[in-house]
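Working notes for the structure below.
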Amino acid sequence: MQIMTEQDVVDQELTEQQMLDFISDMFMNQMPFNDLLGMRITGYTTDSIELRINMDDKLIGNPIRKILHGGVTASLLDVAGGMLVAAAAIPQMDIKSADNFHKNLKSLGTIDLRVDYLRPGWGDEFTATAQIIRSGNKVAVTRMELHNQEGVHIAFGTGTYLVG
Amino acid sequence: MQIMTEQDVVDQELTEQQMLDFISDMFMNQMPFNDLLGMRITGYTTDSIELRINMDDKLIGNPIRKILHGGVTASLLDVAGGMLVAAAAIPQMDIKSADNFHKNLKSLGTIDLRVDYLRPGWGDEFTATAQIIRSGNKVAVTRMELHNQEGVHIAFGTGTYLVG
Amino acid sequence: MQIMTEQDVVDQELTEQQMLDFISDMFMNQMPFNDLLGMRITGYTTDSIELRINMDDKLIGNPIRKILHGGVTASLLDVAGGMLVAAAAIPQMDIKSADNFHKNLKSLGTIDLRVDYLRPGWGDEFTATAQIIRSGNKVAVTRMELHNQEGVHIAFGTGTYLVG
Amino acid sequence: MQIMTEQDVVDQELTEQQMLDFISDMFMNQMPFNDLLGMRITGYTTDSIELRINMDDKLIGNPIRKILHGGVTASLLDVAGGMLVAAAAIPQMDIKSADNFHKNLKSLGTIDLRVDYLRPGWGDEFTATAQIIRSGNKVAVTRMELHNQEGVHIAFGTGTYLVG
């Protein structure tokens, strides 16, 4: 995948796919902590997101029960919500200029996050998904879910994000 | 520091300090993810906790702004709350047997966590503290705070934990 | 509807329907604040709940916009969650004695509640529903929704309840 | 107390006290639900708020235990947070025109609210207070507390509000 430089971003109008690719690159390749967790994107449009991680010894939060650390769950859900908020802003941009897009991304931030831990984080692979429940030009709210590879529902999340 | 084996735990009555040491060892040495984040305990009694981490490239959540990943903040606050809940249960144990203590620890778990991100996570060292706001024989609730080395208040947390 | 007295409750085994009727009576007829809001039950089983209120001048939270007060929304969602938690405990009772049932109800309480206000509370009639997302013998967690008579989604809720 | 008409508001520059009086009037006299609960303001500056209600049969949420309904608690905490956010915006207004002030008030709204119920709501009089923990030109976050007349701490709240 050819990733735009920041220079490119400033110089040209962008397609929705280019913007999604740019956000993907930013979250997966330029945020060391997401890389450390082994996050990867397995689905991403302007109204959906799917992130996955594999279980790994270093992600264990409880040595006896061998379950995912609650902080890993929180991290995954927060990233899923944030990436979806960034994507959902794309169709609403009046002018899809690189400049506008970049400004949007810069102001994106988590205001608050609630995680409901439903079941122990057992599994080999975990999938995080998100949906927008409130959108606006200042604030967006998302709900997120974490499941393991057998479809067991491990956690719910609710995130409020600053946008625009 | 000489850490008890599980065998020791079963065989003897325990002092409060022994129990605090045991919890400390469990969270810091036997939970790989806490070790990965570089967490260390700088204060721990039955009614207080102080955890610290140093900033590190791998913990960055935003490459341009060089700030702590929101998931690291959530992880630290969750661990601070959970460790305090475990410690606060000690004085309330009728019989301070290893058995009772071990049972308490086994049932400990986060039910829900809210993080309020107040300011960008800039800094060299971050300190998490917690206080119990509701205690009970089934559920405990804590409030947590994260500050950087200059005392800048970066995040608030609220956690509900299953106990006993 | 013939409602049991507390004496009845102590003296006999109960059917699921009797228990649901008892909870309904308790929430709707014996909690003055629910009556003040005009709450009524339009659906109630051991795994579902539907509560309704009509818009009324006294429930207005904003005189210019004529929308439902956020506190009314919170009240409805909290009651919906609590009533569902009480109902969901019924099938899990080993012995469906009046005594066990009464003990369950007495220990029921809200630990924490999150409300996400999605859209202004416009409408003539509002419907609250709930679902259990975590059940247990100490704690249950529910998600709730509030819609108006046109199906507009006004609010989400998440509640953690003490049980058993 | 002489309350400004909307016409007055449009025609003149306002002092901080005039704006506080205007907000007080709006919340206490023009929001029927706050009046229904018997809310009154016992302290209000640009960085503090104190609201009180007396216990009343109609506010009871549990007939046996005679405690405050959790929805009343949520309502009080939400209003305390919202009024403080409105007040805290005053010193930050570049031009203290009636127009700017009015626009601020119109956009004020609760995005999300978390209530932690710490102890049963026993008492004759309840006092809600709030503090700003995050301020901004788009979003503000507050923490709130509810105590009874003996200083017993009954509930904590955390609210995220849309501003500006």
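All chains are identified by letter, namely A, B, C and D, in their written order; residue positions are counted from 1 within each chain.
Everything below uses one rule, namely that a residue touches a chain if its C-beta (ideal position, glycine included) is under 8 Å from a C-beta of that chain, and two chains touch if they have at least 3 such contacts.
Because the structure is predicted, anything quoted here is derived from the model rather than measured.
Trainee: Between B-C and C-D, which chain pair is linked by more C-beta pairs in contact?
Mentor: Between B-C and C-D, the larger count of C-beta pairs in contact belongs to C-D.
Trainee: Check the residue numbers that chain A and chain B use where they touch, and answer same if over half are used by both copies, otherwise different.
Mentor: Same, since most residue numbers here occur in both copies.
Trainee: Determine the centre-to-centre distance between chain A and chain C, using the mean Cα coordinates as centres, and give it in whole Å.
Mentor: Roughly 34 Å separates the two chain centres.
Trainee: Which whole number of Å gives the spacing of the CA centres of chain C and chain D?
Mentor: Result: the chain centres lie 26 Å from each other.
Trainee: Let me have the rounded angstrom distance from the C-alpha centre of chain B over to the C-alpha centre of chain C, please.
Mentor: Computed from C-alpha means, the inter-chain centre distance equals 34 Å.
Trainee: Any chance you could list the residues of chain C touching two or more other chains?
Mentor: Counting only residues that touch two or more other chains, chain C contributes 111-112, 114, 116, 134, 141, 158, 160.
Trainee: Given the complex with chain A, which residues does chain D contribute to the contact?
Mentor: Against chain A, the touching part of chain D is residues 111-112, 114, 134, 136, 138-139, 141, 158, 160, 162.
Trainee: Can you name the residues of chain D that touch chain C in the complex?
Mentor: Within the complex, chain D contacts chain C at residues 26, 30-34, 36-37, 57-64, 69-72, 74-76, 78-79, 106, 109-117, 120.
Trainee: For a test of understanding, state which residues of chain D touch chain B in their complex under the given definition.
Mentor: Counting only chain D, the residues touching chain B are 114, 116, 118-119, 133-134, 141, 143, 153, 156, 158, 160.
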